[in-house]
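Structures follow.
Next come two complexes built around chain A: one with chain B, the other with chain C.
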Partner chain A sequence: MKKIENSIFKGIVRFLTLFSVLILSFIIVFILKESIVFFKEVYIIKFIFGRKWNPLGSADKLAIFPIILGTIYVSVIGIIIALPIGIGNAIVLSSYTDGKVKRVIRSIVDILAGIPSVIYGFIGLLVLVKFLEIKFEFPTGESVLAGGIVLSIMMLPFIISTCEESMEKVYAEYSGYSNALGVSKSYMIRKIVLPNSKRSILASIVLALGRGMGETMAVMMVIGNAPIMPKLLGKCQTIPSLIALEMGMAEVGSLHYHGLYASGFILMMILLIINIILYIIKRKLI
Partner chain B sequence: MKEKIEDKIFKLWIISSTIIVVTIIVFVLGYILRKGFGAIDLEFIFGNPKGIPLGVEGGIFPAIIGSLLLMILSCIFASILAISTAIYTVFYCSFRKVRDIIHLIIQCMAGVPSIVLGMFGYTLLILYLRINRSLLTAAITLGIMIFPYIEVRVEKILNEVNSSIINSSYALGISKFHTIIRLILPICKADIISAILLAGGFAMGATAPIILTGAVIFAPIPQSIFSPVMALPFHLYILTGEGISLQNAYGTAAVLIIILLLINILSLIIGRRKEHR
Partner chain C sequence: MKKKIAFLLITILLFVSLVGCGDSGVSSTVEDNKFKAQMTFNGSSTLAPVISAIATEFIESNTTWNNVDSSFPEENISIYVSAGGSGAGAKSVIEGTSDFGMLAREVKGEEKEKIGDIKEFVLGIDALTISINPENPLVKLKDSLSTEEIMKIFSGEYKYWNDLDESLEHKEIVVVIRDLGGGAHEVFQKSIMGDVQVREDAIQSPSMGALVTKIIENKDAIGYASYGMVNQNQGKLIPLKVDGIEPTEENIVNGSYKVSRPLIAIKKGELTQEQQAFMNFVLSDEGSQMIENMGFVPAN
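Now for the complex of A and B:
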């Protein structure tokens, strides 16, 4: 009896695992399949480096270079803003606080991570975009800059938690020695903790980049969604927002529809390349 | 001298960055809650959206219920699969290669942007399998999205169970099945529930996957899993995106944030209780 129970359980667990792994691999294959149809008709280099996105035009009018640039641009702006703030906060969390204060700041960061992106987009649209329009007299507040600022807020929790973890370890390892030598805390952090955390800082950048590039709602609500070459203070379009806005309208099986899949595919490839670069950097730094 | 200046700059940097983070969170929560409370009353919470265009007046009750249903369904769907996968990889999988492959696939999935998942769900479930845009399709898509999240956490929890307990159980001749069901799962129960709750909050706040797969501008409270559904984040997006009603948008945002905060706090309490034992 026990044996039967045992093997039934094992069977169920095995089946469900197989099922989930199959679903997941199926998704990847499925996206590939839907995009390959497109790449048969449109040359991939042309798709990536062409400048016009006109879904109703002919095949050579479908290209996403400005959109790819927009995706990267917004995320990079986000990182540039978020990184110094995030690292600074991680230093405070790992080295200057303990006990209650640490718990409070940590849970604040957790709350930041738990707020859904649509809320950030909402606030970005109502506060940030308006602010840019009124204070700096931009013709339109919906811009790469606005997207970058909103994204930077969303990236903060990732950067903070990734950096803090390793900084805490480094700090614990060396604080005894440096105290014994009478070295000041800030000197020790600058000369030992920060250089030793290089790898986790890099890792956090990649993690945040991945998050930022895949982010749909918050970015979509504040960048204006115009498929033109991105300028810091002008409108732009990102791949996720392109998909979200146009997928519902695209006729099934049309070039437009497959083009959207192809841009999703390109997005995943960009993320993959970033991750591979990270992997190589990690290896080299050891 | 140089050292002194560097020290000052360094301290200024870290203090100001902490202040910025705290200010941001206080501002975001404060802004939404302060503006939102003005819009929230009983009618808003328990009423249907009314007016032309829809949503100008009235409440968001179907959206609240819809969001909760989406969260519950997607959690059930994802956690059954995720917990099984975690149990398999931790206790049953005897080949390292297989385990590595499973991990690789899960990692790949965790990196797929949510909108791409939404696009997948839309094409497969709605276009190919011809299921209506419904609670079911949205919940499946959300479930796929939170699957890696739950799996990674549950696997970590299972790995952290003291191995001497497991080995003693085996040594007493207790079968693997009984060890897992009677010993390991009860130990991890609180942590696993806490992880699932967090994932549920994540699913509830996600908009991108459900834009294409299920959320609609107006639907009554769903009667079955095949009826279309309203969701709070999507409702918020429509209210602001189409400029329908700012007042109600604030209210919706506040309700969404309050529900999510409650879920997060609940998850924290459940996870914390175990630590004290």
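Now for the complex of A and C:
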């Protein structure tokens, strides 16, 4: 009886695993298939490094260099803002709080992660964009900066939870010794906890970067969606928002339609490359 | 033991649901002429709320099909409406994933070819108004812009408001548009811009609602808000005349106001009786009244 049970369980689990792998490969194959049609017409180098995106124009007007830069720019700004806050928060959670306070802060962070992105976008549009317009007298508040700020809030939970986990372990391991030596807490955090959590900080950056570059709705609402070279205080366009914005209207089978798939393909490749690079760095670093 | 049973049930459910998917897909293509208690709409985000409201009214007043027509069986009416843009609407009809497509533009020749036997229903007209914020000093200065002026504003030739008129402030004009490939922009491009391109750094709003919000929030913004949206937000944004012609219902219907687009429902092949019954309701006086209430100009 036990044997049969075991084998049934094993079979089901294996099937489900296979199923998810199949779905993933299907998605990749599908996107590749749809974008190959495009790459037959437009040279891939030209597509990546060209400067103009105009879906109404001819084939040579479909290029996404400014959009790729915009995607990276917004996410990097988000990380620059979120990383110090996130690490600080993780330190407080792991080393300065315990018991009830910790649970409360943690659940607040969890709630932050659970808010739908469209809500962030909406708040960004009505509060942040307006604030930039009124206080700093931007002609329009829609900018890379606004996108970065909104993204940084969305990245925070990822950074906090990834960092906190390992910091807590390090802290628990060494706090006894450092207390015995009479070393101050802040010294210990600076010299032991932070250096030992390098790996998880790096991991959190990758996670946040992936999250940021893939984020669609919230970013779309606050960046202005103009496919021009991104400047910190100017408008820009990111690949996910480009796809979300134009996919509904693109005529099926047109070059524009396949171009959107191709840009999705490029986004996947960028994320893959970033992940590989960081994987290599991580191995060398530690 | 309970857990095991629950687990088993879940797995069985999973398999059954997978099998179920395959089955319904096959049968719907085979039994095309049989009575179908449900129908699906997909397409334009402008038209979706209208069809959705009419469908709700239709369902609430009839509940089951036999109340619509006594020859129909006693089955609950269900009408599903989803929005994904005019292009997606045409796509879903071509691929047969939905019964009706909703388009907020003319059906393109290529799409007509792909569908083949196409039925079109013009439900109404939506006009795009060139709208600005009520606090913009331009409101006091003049209430009409010529086509050329609009073209220069949107193409970026007039970068600041004082380029348009010297008495205005030296402030950047914030141009708000919809996405370049979309139905609304196509109409605007055709009727105002011609071959001239819109300036590259214009804000592309993800929806008409976002576009209107931007104009309401930003004093220096100008954009093409839909006639329906302007009516829903009366006083919060000011529509300008184009070449001296005001975007009123009368001018839109007789075609003298030129920035307008049709709202169309399309269907591949003949309508079944129950689909015809619903379309009759949409095109009836009651349906037209609801289209008008949503801020559009009904075709009938």
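The rule is short, and it goes like this: the second predicted complex is superposed on the first by the 265 of 286 C-alpha atoms of A that agree within 3 Å, B and C clash if a C-alpha of one lies under 4 Å from a C-alpha of the other, contacts with A are read in each partner's own complex, and residues count from 1 in each chain.
Everything that follows uses one rule, which is that a residue touches a chain if its C-beta (ideal position, glycine included) is under 8 Å from a C-beta of that chain, and two chains touch if they have at least 3 such contacts.
Treat the numbers as computed from the prediction; the structure is a model and nothing was measured.
Participant: Do chain B and chain C fit side by side on chain A after the overlay, or clash?
Facilitator: Here chain B and chain C cannot both sit on chain A without a clash.
Participant: With both complexes superposed on chain A, which partner does A:Arg190 reach: first (chain B), second (chain C), both or neither?
Facilitator: Only chain B is touched by A:Arg190; chain C is not.
Participant: For A:Tyr261, decide between first (touching chain B), second (touching chain C), both and neither.
Facilitator: Touch partner of A:Tyr261: chain B, not chain C.
Participant: First (chain B), second (chain C), both or neither: which does A:Leu125 touch?
Facilitator: both
Participant: Of the two partner chains, chain B (first) and chain C (second), which one does A:Ser25 touch, if any: first, second, both, or neither?
Facilitator: After superposition on chain A, A:Ser25 lies in contact with chain B alone.
Participant: Considering only touches as defined above, state whether A:Asn275 meets chain B (first), chain C (second), both or neither.
Facilitator: Touch partner of A:Asn275: chain B, not chain C.
Participant: Please work out whether A:Gly224 is in contact with chain B alone, chain C alone, both, or neither, and reply first, second, both or neither.
Facilitator: second
Participant: Which partner does A:Gly88 reach: the first (chain B), the second (chain C), both, or neither?
Facilitator: Touch status of A:Gly88: first partner only.
Participant: In the overlaid three-chain picture, which partner chain does A:Gly248 touch, first (chain B) or second (chain C), both, or neither?
Facilitator: The answer is both, since A:Gly248 touches chain B and chain C.
Participant: I want to verify the contact counts: of chain B and chain C, which reaches more residues of chain A?
Facilitator: Between chain B and chain C, the winner on chain A residue contacts is B.
Participant: Mind checking 24-32, 78-86, 150-158 or 168-176? I need the stretch of chain C that runs into chain B in the superposition.
Facilitator: None of the options clash except 78-86.
Participant: Would you please give the residues of chain A that touch chain B in one complex and also touch chain C in the other complex?
Facilitator: 5, 12, 125-126, 221, 244, 247-248, 252
Participant: Show which residues of chain A lie in contact with chain B when the two form their complex.
Facilitator: 2-3, 5-6, 9-10, 12-14, 16-17, 19-21, 23-25, 27-28, 30-31, 34, 84-89, 91-92, 96, 105, 107-112, 114-123, 125-127, 153, 156, 160, 184, 186-187, 189-190, 210, 213-217, 221, 240, 243-244, 247-248, 252, 260-261, 264, 267-268, 271-272, 275
Participant: Touching residues of chain A toward chain C in the complex: what are they?
Facilitator: These residues of chain A touch chain C: 5, 12, 54-56, 125-126, 129-130, 133, 139-140, 142, 220-221, 224-228, 234-235, 237, 241, 244-252, 256-257.
Participant: Given the complex with chain A, which residues does chain B contribute to the contact?
Facilitator: Within the complex, chain B contacts chain A at residues 3, 6-7, 10-11, 13-18, 20-22, 24-25, 28-29, 31-32, 80-82, 84-85, 87-89, 92, 101-102, 105-106, 108-109, 111-120, 122-124, 127, 144, 147, 151, 175-178, 180-181, 198, 201-202, 204-208, 211-212, 233, 236-237, 240-241, 246, 249, 253, 256-257, 260-261, 264, 268.
Participant: Touching residues of chain C toward chain A in the complex: what are they?
Facilitator: 4, 11, 45, 84-88, 90-91, 94-95, 108, 110-111, 171-172, 174, 179-183, 189, 197, 200-206, 210, 213, 217-218, 220-221
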